[in-house]
Structure formats: C-alpha cells, structure tokens
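I have a structure here, written as structure tokens, and I will follow up with some questions on it.
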Amino acid sequence: MRLQEERFAAGEELDAFTAAQRGAGAVVSFTGITRDVAGSLAHMEIEHYPGMTERAIRGIVDEAKGRWPLTGALVIHRYGRLAPEEPIMMVATASAHRVAAFEAAEFLMDYLKSRAPFWKKEVTADGSDWVAAKDEDEAALDRWS
Amino acid sequence: MRLQEERFAAGEELDAFTAAQRGAGAVVSFTGITRDVAGSLAHMEIEHYPGMTERAIRGIVDEAKGRWPLTGALVIHRYGRLAPEEPIMMVATASAHRVAAFEAAEFLMDYLKSRAPFWKKEVTADGSDWVAAKDEDEAALDRWS
Amino acid sequence: MTLDLLYFAWVRERIGLPKERVETEAATVADLVDELRGREERYEAAFADTTALKVALDQELAEWGSPLEGVREVAFFPPMTGG
Amino acid sequence: MTLDLLYFAWVRERIGLPKERVETEAATVADLVDELRGREERYEAAFADTTALKVALDQELAEWGSPLEGVREVAFFPPMTGG
C-alpha cells in the first residue's frame, strides 16, 4: 500500500508486482486516470485524511485477502495536485485463477471509491467543484455484503 | 490484436495502451501466466488454429466494443513453447468508467478461454498432458448471454 | 471532554479551518453537531444537511447516534470520492 | 465434394496428422465422422467420444448436425483452453 504525491508509472508497478508473485496464474490491474471530460480540466486536487486513509486501505486489502486466495494485492493512491491524463491510483491483484483476481480487484475498487477518505476537486478555468459521490458507487458495495 | 510466439512485457504493453486512449478514466488489464503448480512444469506448449484464431479474437473484441463504451481494447496471445512464469496472454480495456472496463475485460477473458482456438499442453519430467477445459469456464459464458 | 475536530473537503471550506480543539459535554455525534450549529453561521452552513455528511470517530466511520465517550478525534466530511 | 480436414491437439495426435484432403458425399458433420470412423482404428480412437469434441466449418464453430454443403474446411478439436 502506497500513498504518495508523486506520479507513478502503472506499467513498471505492474511488472514489479507480477515479478514478486509466486504461483499466480492471473494478474489483474486497474488504473484510474484524471479524465478531462469537457476538455477544460486545469487540474485535479485530491485531499485525504492522513492516518485514517492508511488504516482504511489496509482494512480493505485485509478484507480482500480474507475473501479470495490472493498471492498478493497492491494499492497505490495519489493525493495533492494532478494534471489531466495522469494516473490517480492503481490496484493490482494476483491469484492462481482469474475469477479470484478479477473479483478482488473490483472489490478493492468499490471500497476505495466509497470507504477510503479521499475527496476529489476538479479545477477548471471557470472555478472549482468537489466531485460528488455517486449513488451507484454506494450501491456497488451491496454486491459484496 | 496480436498473436505471437515471442515473450512480451505486460507493463510496457499496458503503458503503451493507456497512452493511446483518449477520455478514458479507467484501464483494466489481465495477464495470464504459466503457473508451475506442482513445481514440475518444464514448459507449456500452446497450439492454435491459424486463421480461425484471428477471426475468433476479432469477433470477441468487436462484440465487447458493441456491448460497452470502450475507448480501446487490446488482446495479445502467445503460442508455441513457453517457460514457467512467463506471460501467456493479456487483455486490456479502457473506458470512461470502471464498471465498463472491468466487465469488458472479464467478457474478453471468458470468451478467449472457451471460444478462441487455443490448446495448452503441459510438459513435465513425467510426460505431457493436454490441459482439460473446465466446466466452470463454459458456465462462465452464461453470465453474458 | 476535549475533542479534536477535523473537517475535510467542502466541510473544511465552509467552516474555514481544517481542525480545531473543543471542550464539550455532548453525549453523541448528533448532540455535538447541534452544539456546533448554534455557534456561528458558517457551522450552520456546513451542517445544514447532515444526510450529505459522514462522520468518523478516531478514524473509523460512525453514525450520528454514536456515543462520544472515550473518543479523541471526530472528523466530518462529505461522502468519499476515492479511486 | 473435396474437403480439407484439420485436426488439433489430441485429435491431431491420435489421428497422427494435422491435415488431410478427403473426397466425400457426407451431408452433415455427423455423416463425415461416421465415414472417418470406419476408415482406420486411429480415427475410431479420435472420434470415440464426440461429446468431448468440437467442430468448426470454415473457421466458425458448428454442430454435429450442421450441413457440409458449400464448406471447404472442417476442423476437429477438443474444447479450447485459451487465456
């Protein structure tokens, strides 16, 4: 688990993660990218709750490892100021079989979205707006209960 | 879509794929790896049906693009002789939103498993065996019908 | 009892500070919020619609009815938008 | 009618060749398989349990009852194990 301001390279992280696995037949990765929807995003600011963030992510990763037979799981999440088209965060999961790797990655993403204390603000030429949480993101958690 | 004997680097492929997307907020990748289950795998041989393989993969990718709003989809699959712990294949999908990227990647994997004409043979010190298709892999397709 | 209050995202912006220390006898989160609302308009603005807010007690998500006994740190924030 | 027959994986190994050209009047895949079975023991071995086999006509998956009219290439193989 890493929490950082600096940009990261998803490919390098994926290769390093994969090389560290033993007995994994399936590796799934997810990368979230700052999307410039209206062609007007100047940058994104990500605020978080130091202390709780680490605790929440560790809890989510532990829960995933309890539910699926993973050989490993990786979470990287950035905070601070991000330019458009930059990686925001990534998760990677590895398991003997593909279904476990896919489900665990989706579980991590669903919980990171709604249960890890991050808040995104989009800054454009016209001003700035906090990104609103979506009902569908909260509803996505039902799948795992 | 690429069909090749040579080894590939999943991280490099992921970065190149991601860099080529426009408007994607979510990139999902799956990498399949030759797993040395009993610690005795000498190598794996993958046979395929030239012509039909390309046609089947193209059909599966087109179907995924019709079902989900993807900014792009990548399939790389190797054939020939593979050493243990080598990447066998990978898929990557990109979309504005995570659910589409995840579902499309799972769809591609489920169909590549059971509908693309590849056959795996595991060679060990004791001899060789064709990998048997699993009922659960065939059943996985029901999710998409 | 002494509590550290933390505010994030637009809650922080409306109240105008990220953190403060308060003395209170509030028994629950809801009691504490009522107390804060009575203070100044910026608190009233931040806590106007508590259905749009979440609360964490000592870095664990909690409910509006959760008791404050033994708690050191209370954080208020909008629903998270990680990932 | 002239057909190119292709065999893959253990079907190829049992029959002992990857490809052959045959002349046949078989109307369906099932008819063709019956004809092949009658040829030699290695075909009988390959086609003993057709529930374990799949067939493609001109590179599209087909059924045992599918007609062969107009078809050029018939492939027999076990269930795929890609990915």
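In this document, chain identifiers A, B, C and D correspond to the written order of the chains, with residue numbering beginning at 1 in each.
Methods note: a residue touches a chain if its C-beta (ideal position, glycine included) is under 8 Å from a C-beta of that chain, and two chains touch if they have at least 3 such contacts.
Remember, predicted model here, so these are calculated numbers, not experimental data.
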- Leftover connectivity once subunit B is excluded is A, C | D
- Note on the structure: Per mean C-alpha coordinates, the chain lying farthest from subunit B is C
- Query: Roughly how many whole angstrom separate the Cα centroids of subunit A and subunit C?
  - Reply: 26
- Message: Centroid from C-alpha atoms only, then distance subunit C to subunit D, rounded to Å. What do you get?
- Response: 72
- Query: Once you find the CA centre of subunit A and the CA centre of subunit D, what distance in Å lies between them?
  - Reply: 48
- Task: Two or more other chains in contact with one residue: find those residues in subunit B.
- Result: 32, 98, 109
- For subunit C, residue numbers touching 2 or more other chains are 83
- Every touching chain pair, please? A-B, A-C, B-D
- Item | subunit B to subunit A touching residues, read off their complex | 9-15, 18, 21, 23-37, 96, 98-99, 101-102, 105-106, 109, 140
- Message: Applying the document's contact rule, which stretches of subunit C touch subunit A when the two form their complex?
- Response: 6, 8-10, 12, 56, 59-61, 75, 77-83
- Item | subunit B residues within the subunit D interface of the complex | 32, 47, 49, 51-52, 55-56, 77, 88-89, 109, 112-121, 130-133, 138
